[in-house]
Amino acid sequence: MSHGRECAPPWRVAEWFNTPEPLTLAQLRGRVVMVCAFQMLCPGCVSEGLPQAQRVAHLFRREDVEVVGLHTVFEHHDAMRPVALRAFLHEYRITFPVGVDEADGVGLPRTMRAYRMEGTPTTLLIDRQGYLRRQVLGHLPDLRLGAEIMALMSEAAAPPDAAGSPDIRMPGGCA
Amino acid sequence: MSHGRECAPPWRVAEWFNTPEPLTLAQLRGRVVMVCAFQMLCPGCVSEGLPQAQRVAHLFRREDVEVVGLHTVFEHHDAMRPVALRAFLHEYRITFPVGVDEADGVGLPRTMRAYRMEGTPTTLLIDRQGYLRRQVLGHLPDLRLGAEIMALMSEAAAPPDAAGSPDIRMPGGCA
Amino acid sequence: MSHGRECAPPWRVAEWFNTPEPLTLAQLRGRVVMVCAFQMLCPGCVSEGLPQAQRVAHLFRREDVEVVGLHTVFEHHDAMRPVALRAFLHEYRITFPVGVDEADGVGLPRTMRAYRMEGTPTTLLIDRQGYLRRQVLGHLPDLRLGAEIMALMSEAAAPPDAAGSPDIRMPGGCA
Amino acid sequence: MSHGRECAPPWRVAEWFNTPEPLTLAQLRGRVVMVCAFQMLCPGCVSEGLPQAQRVAHLFRREDVEVVGLHTVFEHHDAMRPVALRAFLHEYRITFPVGVDEADGVGLPRTMRAYRMEGTPTTLLIDRQGYLRRQVLGHLPDLRLGAEIMALMSEAAAPPDAAGSPDIRMPGGCA
């Protein structure tokens, strides 16, 4: 797992599904967050990324691990509008929260660009302090993903390397 | 395989993809035809029906077996318009001809109703004379499908039970 | 499919399982025969070849297609004796007839050598006249196998190219 | 995961493969241990249990997680003797240590009985102090297994509930 300590950029979401309220990373501080960035017409997202995200959502308790889908449309915009996404989520029985990444014309949507994602699906793991600890184009094998999520769950709420360090100015994690 | 001798109803198609000219059953007389009726947001179509149709299209020569997709939208009409279908066919690399079944308001589209299909995917096999010889909701195992297609290919161009029968008024098959 | 017209060499079998009487190719004249040559400790045989043979045995009627296993042990002889094979067939619920290819010291067993097989699994298709029509190291995709079996089933009992030919001395097929 | 604190019974092994020295649980104290109890002719062991054990052995470093196979033969004894097991391990490319559970006539072998296993495959997880923390007939989904292994890796070397407790007589774990 990457040992970087980059704060996960905030999400810029135009519309949410499967949640009564918009979600923000700040609200989710204290939980491990798995993000599946996908497009509804991307074959690898449909066959691999989203089913894995569903398995994670079913295995872990939501107070431990929040699974979030991010619809990062960067092609075929006309075919993947929110009305189509709504039908897709219904047909594929996806029940975790899904946000629509804010479009920026026909280029990469804003959150996708902030994370410098290279395609879909992209899998993100964000720790309990809001640091982006893992980003991978595609998906991890289930065995490894389970281990990485649990490693993050096992960390204390304070950053593991912050104890006693005067250099860490944000002991509670990312702003 | 059903031993019925019902002529396959004509297709009513609003728009074709992957073919320079509209296709009709009459044109395909002399070939075995496999139809995969699907919806682009139907999980079983995406995971099973369409991949099988692609395998059939790759295995057999087109002068022997014509594979045709039929987009029979009966739900989520706004999400599965032709502009979305075009993107879907591109992303899933489907190269056989696909026709859009003519809508009839928000009910079953016209070809789907003519065949009394009960859902998607539906698999059809039509013989060289234009008779509908197999219709199944879902898909057949590959082994059986390969055998059934070859059985139809092995039949003479004239109906097998028509030889010398004064009762058969259309020895060349369906009108 | 190979268009060769080589008679399938007779089987040399030391012991049979799952059949009250030894089987010979001559007895099976008139049926299509699929042979799965395997070793019980060959991973590809266990994961692919034998499950496919079981699917064929379940799909077709035995009077049309006879499925036969041939235990062609050419390595680890001590580990794959008939007592072990018996347990293997029981555990993997293989119910079609299986013959033990006659050993020839520690080299290739006799039937395997007569067919010039190059490893396991090897899939054979023998037509209704006893001609070897297909031999492949590994296995065919199900769709193709189903089609090839049905093509052989569709042939007349007399060789297709023998009609009226004075050169064919055995109109009933192989001796 | 079971919260029991039962010490894992010692292994009774007649013969080891893939290790220059016999392994004991006492030696492995400090590591997480995954045991895959299997029989070489058990289909579920071959298709599921052993491939999963191989994935675990490949993913984790051996100083963190030791994967051990245990050949618990309770049926078809003649077919699964060590000479056959050796060929099996070679063909299936299993490289982690495998012990042959001590036979006790034709009944359950001794280690299998000590753990009260109900069949094969059985998956065990033993923590760094030697406590048996998970025992399941069959196998766990990869996602859950990865998480459970990492949870055990994240525990301190001393028992988590032993800190300051005068009742724990073996602070270093099982004898």
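In this document, chain identifiers A, B, C and D correspond to the written order of the chains, with residue numbering beginning at 1 in each.
Note that in this section a contact is a pair of C-beta atoms (placed from the backbone, for glycine too) under 8 Å apart; a residue touches a chain by one contact, two chains touch by 3 or more.
Given the structure is predicted, the values throughout are model-derived calculations rather than measurements.
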Identify the chains adjacent to both chain B and chain C in the sense defined at the top. none
Among the chains, which one keeps its Cα centre farthest from the Cα centre of chain C? A
Averaged over CA atoms, how far is the centre of chain A from the centre of chain C? Could you give it in whole Å? 53
Just the number, please: Cα centre separation of chain C and chain D in whole Å. 40
Averaging over Cα atoms per chain, report the distance between chain A and chain D in Å. 35
Specify, in ascending order, the residues of chain C that touch 2 or more different other chains. none
In graph terms, with chains as vertices and touches as edges, which category applies: line, ring, star, complete, or other? ring
Chain B contacts chain C in the complex at 52, 55-56, 59-60, 141-151, 153-154
Chain C residues within the chain D interface of the complex: 41-43, 46-47, 75-76, 78-80, 83-84, 86-88, 90-92
